[in-house]
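Here chain A shows up in two complexes: once beside chain B, once beside chain C.
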Partner chain A sequence: MTNSFDAIVVGAGVVGASCAHYLVEAGLSVAVVDRGSVAAGTTGAGEGNILVSDKEPGPELDLALLSQRLWTELIDVIGPAIELEPKGGLAVGYEQHTFDHLRAFATEQAACGVVATPVTGADLLELEPNLNPEAAGGVFYPQDMQTQPMLAAAHLIARGVRMGRITLHTNANVVAIPRDARGAVTGVETTTQTLQAPLVVNAAGTWGGEIAALAGVNVPILPRRGFILVTEPLPVIVNRKVYSAEYVANVASDDAALQTAAVVEGTHSGTILIGASRERVGFDRTLDWTVVQRLAQQALQLFPRLAQASLLRTYGGFRPYCPDHLPVIGPDARVPGLMHACGHEGAGVGLSAATGFLIAQAAIGVSPLLSLAPFAAERFDAHHVAVVHA
Partner chain B sequence: MPIMWRSFMPNLPVNSVHIRIDGNDVAVRPGISVAAALLTEGYRSWRTTRGQQQPRGIFCGIGACFDCLVILNGQPNVRACMTTVEPGDEIATQEGTGHV
Partner chain C sequence: MSDQRDIIIIGAGAAGMNAAYVAAEPGLAVTVVDANPCPGGQYHRRGALEQRYRPSGCSDENRWARVEILSGQQVYAVNSMPDTGHVLVRMRGDERHPHEIGILRARALIVTTGAMDRQLAIPGWQLPGVMAGGGAQSLIKGSGVLPGQRTLVTGTGPFLLAVAASIVQAGGEVAAVIEANAPAGLARHTRKMFPAAVAKTAEAARFAGILARHRVPYLTRRRVTRIAAGAVDTQGRACVSEATVQRIDSQWQPKPGTEQRFDVDCVTLGFGFTAQLDLLLQLGCAITDAPDGGLAVLVDERQATSRPSVFAAGETTGIGGVDLASVEGRVAGLHAAAELTGRAPATALVKSLHRQRRHLHGFATALALAFPVPTQWVNDQPGETIVCRCEEITLGDIRSARDDLGATDPRSIKLLTRAGMGWCQGRMCSFSVEGICGRQANVAAQAASASRPVSVPVPLGAIARDENVMRESAQ
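Let's turn to the complex of A and B:
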């Protein structure tokens, strides 16, 4: 087996899988390297959100809209196994003033290409018959989708492997990223072997900062912990991806303390997932019962009928966040041959398609569909002067 | 043979816990699990899967696999292997999610 490739992707989560997929589509041979197994990190701890609804106008929303289009194409390529459901999202405001705020937010989003429809009264209950009827109103986002993120990562990689274009190396920890005389990367060294490629894509998620450090550059990515509750399988009582208005504010918040806001959705298997908590406590995995109680209470406020449901389990993980809440995507100007595709915080599943697409465009020298300037790794350097594209 | 066994084991628990399985009165030993009670009464499976209606019963026996789900006192999806029988328990076999 050859150890030489056109590109090496570090990280077999959904972002790494998408990068590998689009690099293959662009004609490159790819090695995917992960220190664990496929989707063993943040991807395996996620809900599978593909959302435009929770993004405020700006570069991340542009990325989300591109990603949403690409996911609808991916379903044709990868097939139904990834449980992609174009079910739409529903943001709910209990009080009139939170609903008013939601509507104003939706108007701003609509100007950027988001489809958003305010719904109240009987229309709201028709969309979601088991929703708390006391809610003042909601905004329906038909572009929001859901996938099973572990299946998505696995099937994207498996397709490339079947085609003979992706070589998968699991349980292979990257310990060095060697560089040549002019400073360009030459591949990666793992605990077991040396792989060579002129392009290395850092898709290590929450651990992307460690991979960047191996190449000698700073990419400040830190963990933001989250827990999700899983109910017993139930008949369908939640149709859409339903969340309370506070969720949007929590996503954008810089507060380190615990934040929770109900995000409720059904899955193919009948279980209902209840998120979402956010807190900055490093890599501490200890289950916090306060989080469980708060998430359960907030879910009951949205769907009183869940009071009869038993919880089967909880799971948790670490979202990779950057100080400005934007991901790091594209070539690193400081190290030739190094690209980043990490730091997507809680939106990695949704943003993975556009991320992989833009990485592949950059890899073959095509002008990117979206400007990568807002996502540049160098933006965190003290002396960096932002290039503003008119 | 069972009688002889009991004569050498005078403290062996007797079937003193009265429960109902699918409406039938049965008596089982105290302290055993709901799964053990079902097995004792000759059940090999006591629920069907949600998609294909395949039969399921005890599998891991230690609470991890969630295969042995059963309706206990009206509550569906109780792990039979992790639950001790109590006097008066109403155990019912489960179809699908167990919820209407």
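Let's turn to the complex of A and C:
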């Protein structure tokens, strides 16, 4: 078996899988390296959101819209196994003023190409018959989708493996990123072997800062903890991805303290997932029952019928975020051959398709469909932000 | 009543009740919380009308008067408060009262949650009429109900004798006892015999005598390889009608041409036990591997875990049976009480308990080594065998996740196939999934798949309304 490739992707999460997929589509041979198993990090702790609805106008929304288009194409390539559901999202405002705020936000988004339809009264209950009828109104986003992110990552990689274009190295920790006399990367060293490639893509999610540091550069990525509650399997109670208006504000917030806002959705298997909490507490996995209670209360406010549903389990994970809440995507101007594809915070599943696509365009020297300037890793240098190690 | 206790013991089996009795020093508020309708645990399971359970040597009713026993309370979570060091025990009521939830606080916790039957995914194991050996015993002891008319008792270890003996004593028929290992192996591991082993051997001999009187064949180096259903019954269910047994090699691979069929309406599977570590894992206690291939919580001489003021005794520290559980419970109770009162326990008593524990522990280890369950048992099973019964995931689905999708450990297999995500939270299928992972999963990977942040399902409405949590967060 050869140890030489056109590209090495560090990270077998959904972002790494998407990068590997589009690099293969661009004609490259790829090694995917992960310190654990496939989709074992943040991807394995996610809900599988592919959303445009929670993004304010700007570079991230452009990325989300491109990704949304690419995901609908991906389903034709990798098939129904990834449980992609174009179910649409519904943002709900309880009070009249939060609903007004939602509507104004939707008008701004619509100007950028987001399909957003305000709904009230009977129309709202027709969309979600079990929704709390006291809600003032909502905005429906038909472009929002959901997938099973672990399956998505695994199938994207498996397809490349079957084609003989991807080599998967699991349980392989990257310990060094050697560079040549010019300073360009030459591959990676893992705990067990040396892999060679002129291109290394850092798709290590929460550990992206450590991988960047191995290549000698600073990429400030921090963990933002979240818990998700899972109910017993139930008959369909929730049709769309439904969330309260506060969710959008929390996603964009800089606050380190605990924030929760109900995000409720059903899955293929009948369970209902209830998120979303955000707090900056480092890599502490201990379950916090205050968070569980707040999520339960907020979910019940949206869907009172859930009071009878049993909480079966919870899971937690760490969203990899950058100080300005934008991901790091594209070539690193400081190290030839190094590219980043990390720091997607809670939107990694949704943004993964566009990220992989843009990385592949950069790899073969095609001018990118979207400007990568807002996502450049060097943007943090001027601010002298230090890498924080967990 | 206040929610504050000095010592809370979770589990009212032999370990928990011995711990409670010993810990109930004057001035200490001791509470035992247990999910069953009455104390006794798995071994001393009894009908609700029978006399209450008192472990042998625990007859001082003045001591019992200081012990509060909360039966029918299922603990779904425990956590320690970083500021006060108190342990919070979250309980919900039994199946009929799941909305009744409460919190107790303890200065010290003793976890004696015991073990559950270890399940092996054998073709047909999901059929009505197939049950775990421990489950069959519970049925007989708890409600006097026979598991079937004619039963095949299969698995490995002396526990098979106990299961078969209780069936014939309750008036049932046992077609045969199918032992996968060879009992002669035990002598190799117990060359230096302990007093404990003598008592245990005598017990096994008594069971063997009962089986001989009922002319129950005892067949070794064989295992059940297929269980088949017969005609649909009046309730529309296809129940067990036949079991196939084959001779096996040392890696439990069946030898072709050795098939032997038994017409039975019940098959019990007894392949050892899995310690119930959910609550100890929630607390972050250090875990280690046990001689039977499973996991156990790591404890020191005092039965103290790696977390402050958290003790463990009984099967959670490694499968060892009721006598070892009783001794460990006493040691844990003594030291938990000593920690709170500041009075050291009597040296002679501690020494004697430690000696008994050492002997019983040695015997338990010898048993585990003499009756191993190799991980390769799963290799020859057909792909359509159901592994995860809750989510109906087959062996083929799991092999495909391993071979085609890059899942290398039990957690990834769970994420990619849903095996272990259902109602039982992987309690039934985790041992099989670990076997399919191909290599003995390491302790960390096994612990990750045994980790359950919510031990029993709790209604969301009850959690949302729970004022205890609100008070806790206000503090």
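Assume the second predicted complex is superposed on the first by the 382 of 390 C-alpha atoms of A that agree within 3 Å, B and C clash if a C-alpha of one lies under 4 Å from a C-alpha of the other, contacts with A are read in each partner's own complex, and residues count from 1 in each chain.
Here, contacts are C-beta pairs under 8 Å (C-beta built on N, C-alpha and C of every residue); 3 or more make two chains touch, one makes a residue touch a chain.
Computed from a predicted structure; not experimentally measured.
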Taking chain A as the common reference for superposition, should the pair chain B and chain C be classed as clashing or as fitting?
clash
Could you tell me if A:Gly270 is touching chain B, chain C, both of them or neither one (first, second, both, neither)?
first
Once chain A of both complexes is superposed, is A:Leu102 in touch with chain B (first), chain C (second), both, or neither?
neither
Quick one: classify A:Val14 as touching chain B (first), chain C (second), both or neither.
neither
Given the touch rule stated above, what does A:Ile50 touch, chain B (first), chain C (second), both, or neither?
neither
Tell me which of chain B and chain C touches more residues of chain A.
C
Scan A:Glu232 for contacts with chain B and chain C and give back first, second, both or neither.
both
Name the contact category of A:Ser310: first (chain B only), second (chain C only), both, or neither.
both
Counting contacts the way the document defines them, which residues of chain A are shared by the two interfaces, the one with chain B and the one with chain C?
232-233, 269, 308, 310, 312
Chain C touches which residues of chain A in the complex?
12, 36-40, 44, 150-151, 154-155, 157-158, 161-162, 168, 170-171, 229-233, 269, 271, 274, 286-287, 289-290, 292-293, 296-297, 299-300, 306-315
Counting only contacts in the complex, chain B reaches chain A at residues 50, 66, 75-77, 97, 99-100
Applying the document's contact rule, which stretches of chain C touch chain A when the two form their complex?
77, 79, 90, 98, 282, 284, 391, 401, 404-409, 411-412, 415-416, 418, 421-423, 425, 452-454, 457-461, 463-464, 466, 469-470, 472-473
Seen from chain A, its contact residues with chain B in the complex are 232-235, 269-270, 308, 310, 312
